[in-house]
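Pasting the structures in now, so scroll down.
Two complexes follow with subunit A in common, the first pairing it with subunit B and the second with subunit C.
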Partner chain A sequence: MATTTAPAPSTLGARPRRARRAPGHSSLFTALPWLAPALLLIFGVVLYPAGYMVYTSFRKFNRIGVERGGAGFDNYQQALDYPGVNIGRVFLNTFIWVAVVTVVSIVISLFLAQFLNKQFRGRKLVRLAVVVPWAASVVMTTSIFFYGLNPDYGIINRFLVDVGILDSPYGFTKSAVPAFITAMVVAIFVSLPFTTYTILSGLQGVPDDVVEAAYVDGASAWQRYTKVILPMLRPAISIATLIMIINVFNSLPILQILVEAPGYDADITTTLIFKYKTVLGPGVASALSVVNFLVVMTVIAVYLAVLRPTKDR
Partner chain B sequence: MSVVDPGVTTSVPAPRAGLSTADSSGRGRRSRGAGVNRRPNPWLMLLGSVVIIAVFIVPYAIMFIGSLKTQAEITRIPPPYIGDALHFDNYRTMWSSNVHPSDGLTATIVISVVATAIVLLVATPAAWFTARYTFPGRTVFLALVLIVQMLQPTVLAVGLFREFLQLGLNDTWIAMILVNSAFNLTFAVWIMQAFFASIPREVDEAAALDGAGRLQILTRISLPLVWPGIVTALIYVFVAAWNEYAAASIIMTSNDLQPLTVALPRFFGLYAAQWQYIFGVSIVAIVPVVVLFSLIEKRLAGGLTAGSVK
Partner chain C sequence: MTDSSPFRRRGRFGPARWAALSLAGALLLSACGGDDEGDSGSDGAAQPAASAGADLSTTIKILAPSYTDTSQADWQKVITGFNGKYPNVKVELQIEAWDGFTEKVQARIQGQDAPDILNDNNFADYANSDILYPIDEVMSPETLQSIEPALLKNGVGEDGTQWAAPDIASARLLAYNTDLFEQAGISAAPKTWDELLDAATKISKLGGGVYGYGMPLGQEEAQVEASLWVWGNGGDWVSGSDLTVASEQNVAAFEEMKKFIDAKATQPNPGASNRQAVADLFNQGKLGMYVSHPGLLAETRSKFPNVKFEVAPMPTKDGSASANLGVTDFIEAFDNGDEDRKAATKAFLDYLYTPEVYGPWAEGTGLLPVTSAAIQEKSASDTNNKPFYDVLSSVRFLPQGNPNWTALQNALQQNAGSIATQSAQEVLSGIEEQANAGG
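Presenting the complex of A and B:
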């Protein structure tokens, strides 16, 4: 990831070079008071629980959560092979969830950002509208869809019947597959502001004269976009994708709230961890958390290795 | 173009303090008018604008209109699109309803305000010092900051629960304040140090010659120069804490201590859910955050991606 160069806003070239000059020197002893509080928080509340969770994943617990010695890999075995849980399906769901939400959000955002980058009356208002799902809590946004899709009093269901898309109200959240698809739509909706704004910042770094030159050379609008603008958006898209993968992987409330179907057929690994925490205790939940983290790391490694988003082309 | 000094291998887009990219590029474009940058068709732009605003606002409009219905109207089968009257008094009566919004709202406010204050106090010195000085372990510190950003409360929720069980802090606001400060800290450090690094060193040197100490240079010289960037980072931290769900859902078990994100879903599945109140509280919680975000709208992406992950 060493060579990634994200697009700089256009006026940045004017930045005085001296700002980059090497900073002054100092000893670790002088530095420590300035860093100590930050280090304390990072070690105490991020790294310690991470290590403690790995330790917990190898411990045995009784029904009320009291520790009862070592467990070897029993927790891992149970996490991956619990009666009623089709773990293959959960992994497949996780893959579909991350891939579809990330890719669709980014593709829609490419259009949205292109639109928002133009000059037009009311642009500020449109941009503000796009920010709203980012500012609103995901829980509250999801609650609107949960209420609206209720087959009895849900207003979205009524609208779909009124315009003739549905014959009668449909229980979107009541069975696994429709609930999962609905959750993906909501996840895309709440992700769009972030991806759009990231790509928009990339677009603002595309110099006008380069696009102008392509125009003068006779490139069509489509060619200018695919051959000139899109390659320059590459760094912004890579950053957006990377952050999206991490966020979507860790997305919890949408599926937790929307899916009313019993069982585990609409679960991804993250939601399964929270179910295991209640049903099977901290040992198994920790084991699945460790597996989950390893999976995210693998996905990111594969993304970086195969697509090489950081390679300059 | 990188404002991150040579100690870091990754170059990030420089978040710029005061100026707005949107405006500066826009002005150049307007002057041309012809050729590749000819003005777009106004009617097409209007149509696009209306569609986009509709898609992004309709869910929240449903929420707002719902918050003005009576209990009977909002759970009627089939539901009316708009109630017979607009019951603005719901915003008064909701405070004494079963939803108990004041509990959740208090918890949310206390947790996010204190966590943001801690991030400001802890991240600013660390960011300023790493931007201004080299010292043994500096690269290790910055690498640590980057790696920790990959971790989210969701991944570590079970570990956090176990730790706070050990410390006897489960089900307390202190635990939530610690979680929200720690997990947003690295992001703030990363962003802020890029901002501090963008200030020419001559400014510091002049102040030092005049006899100013490091703390004085930070508070009197550096901070006033980059405060818009700091505010952007802090607003982002505040909003993240305001909306945090995963850790709270596992740590906060008492109904009256839970922040809104965890308190409200308890009411979603109820037989006679008081959706009008749930939506009323949600609107009250969403509006201030939208206002905060609108203040930093122009810097939202450029400044933020600078600090995240990469």
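Presenting the complex of A and C:
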């Protein structure tokens, strides 16, 4: 994969004379008109807001957002040590949330992709059906689960009682642990299309002749899968995992909509940031955002360093 | 405010519309500023009689919550009438759902676009940030005097300044389903906690998904339900500017609430139930009692005529203390540093509170009016809400003027529901600590 990326300055190589006259500046100057829109966009929607967030995290604000001078590290201290919030539990929740949603989504997707890669009648329709949860807005999907799980009128609760799985309707979203588990199930549900399709595209890149060769050599189906196909899926799985980690880590709407429980036992850092924003103002919320950002950067750095997913073999 | 819950509407103005509005506002504002210099001299001299109104040329902005479906139209009617007198004052109206209303106000303030007139349920945070006009600077003394003194007092900040003026009021009383009372063999409305527990347990035992007492400790308004119990035990949240959240009486009150939950005399999961959810149960005839307000009960009357109910005061520990809770919403005026806008704001607010204008506007909210004249008139004609008018002069208010109140309210909304799984002492100490830290 990495070898296919063309070296960026190759277009300039076609004009050696100008490049020789003023090597550094001119080439940058020539490239600028093409780079400018992207650079502006990156500066405007990534760098500037991120920088402003860091700045805000060191300013003192009251709850409604009126600035009251510098704050030093007070915001960070308050974000990590706010009475009533067990910050350790929140970080643990965040870890469980990311790990479970990512791993379970990928494992289920491996099965689903294998199935969707087979030839059968109506495959297009089935593939389409798998995309639908992705096409629907997360807020909408989550709201449907939220109302469906309501113990008084929810259709899912009603179904579970009618088929005899539950004796009486259960408040899935009403207390911390069940609500958290429910949110993970919904998160996996909405993540499946993305991971399935990434792996499916990887599967389609596995050449038939390699699999056939393994077959001829007498490898069993399981051996063919684990020894031949899975290693060739590595780039697809790595990309899916990386994007999932970032996405799930920063995911807000599912927990925000589903969890009705009091307290902070079903919070991850992202939802806590939102609670802080209302209760403690933008300073403390920004401080926790910065911490959140550092944590996700660390997780990704560790992931890249340990697994080296971009290496071809 | 909490009272609006039955009328929750998703915001009708999406971000795009909002952006367009503010842009239009900015353009208009600069246009009007230009006109102003040319106009004021000549016009005023030519028409001295109409000068007061026609002279004023500016734009003011109103941010108000949606009480009912008609809120937008009700405000618009006031604005149209106002423009008849002040044709050159452009009034921009933004109506938002109560759900997340505070965030909308915060966003406007942080975007340097504070509304000139805000209709909200708290003011202490804004007053403490020095961004409000004292309300007597933007309302004439006559207007302020027309408001019922007991209610007007609620808009006084801790520093003694009248920062806000109430615009509508409401009270909370215990609504009980008389059919369920009959089935459970209860003859009279409970007056003490023991009678309440007894009645609630009996009704819960009827079975079939019927519960005795609706206890909404969810995030929407745990502060109201918690206050009813704390006051019923002679406790309070604050003493002066100190918080007394974890006081002995308060802990005992929370223990009593826990007793109700443990005895299964309440609906399931009280910590995750909002008042609307409890009201829904009541409207389906599946709840014996809950603390309600005129807006919710009007809905029950009109849409669920099969539910027969009566209204009684909130029971207290031994029946002696009064735990009838009152709520007012407020008009507040932000200081945008512009004398013309201030003058227009004053003109608008004085117009809003004139009896012919205020009466229909207040009626549109479905709640109770605040001017003495309107209360007198309505308490005679509005028989459905008579019990509420009767207690309106003696209700206790949440300490909305106290600078610690918002932090305490946030802490209560987030944590009071934990009472189902934790001890009363633990919950209240946690809330007090959090409220003290949340500055």
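Assume the second predicted complex is superposed on the first by the 283 of 313 C-alpha atoms of A that agree within 3 Å, B and C clash if a C-alpha of one lies under 4 Å from a C-alpha of the other, contacts with A are read in each partner's own complex, and residues count from 1 in each chain.
The rule we apply is simple: a residue touches a chain if its C-beta (ideal position, glycine included) is under 8 Å from a C-beta of that chain, and two chains touch if they have at least 3 such contacts.
Bear in mind that the values here come from a model prediction, so they are computed numbers and not experimental data.
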{"item": "Partner chain in contact with A:P282 - subunit B first, subunit C second, else both or neither", "value": "both"}
{"item": "Partner chain in contact with A:S220 - subunit B first, subunit C second, else both or neither", "value": "neither"}
{"item": "Subunit B versus subunit C as contact partner of A:N62, first or second or both or neither", "value": "second"}
{"item": "First, second, both or neither for A:G84, with subunit B first and subunit C second", "value": "second"}
{"item": "Partner with the higher number of touched subunit A residues, subunit C or subunit B", "value": "B"}
{"item": "First, second, both or neither for A:Y147, with subunit B first and subunit C second", "value": "first"}
{"item": "Touched partner set for A:F120, first subunit B, second subunit C, both or neither", "value": "first"}
{"item": "Partner chain(s) touched by A:G171 [first = subunit B, second = subunit C, both, neither]", "value": "second"}
{"item": "Shared subunit A contacts, counted only where both subunit B and subunit C touch the same residue", "value": "152, 260, 277, 282"}
{"item": "Sites on subunit A touched by subunit B in the complex", "value": "1-2, 4-13, 15-16, 18-28, 30-31, 34-35, 37-39, 41-42, 44-54, 56, 112, 115, 118-141, 143-148, 152-156, 158-159, 161, 169, 189, 192, 197-198, 200-201, 204-205, 208, 211-212, 214-216, 224, 236, 239-240, 242-243, 246-247, 250-253, 256-257, 260, 270, 273-274, 277, 282, 285-286, 289, 292-293, 296, 300"}
{"item": "Contact set on subunit C toward subunit A in their complex", "value": "102-103, 105-106, 109-110, 125-126, 128-129, 131, 217-219, 222, 268-269, 271-272, 277, 280-281, 406-407, 410-411, 414-418, 421, 430-431, 433-434, 436-439"}
{"item": "Residue numbers on subunit A that touch subunit C, as the complex places them", "value": "62-66, 78, 82-84, 151-152, 171, 173-175, 260-264, 275, 277-280, 282"}
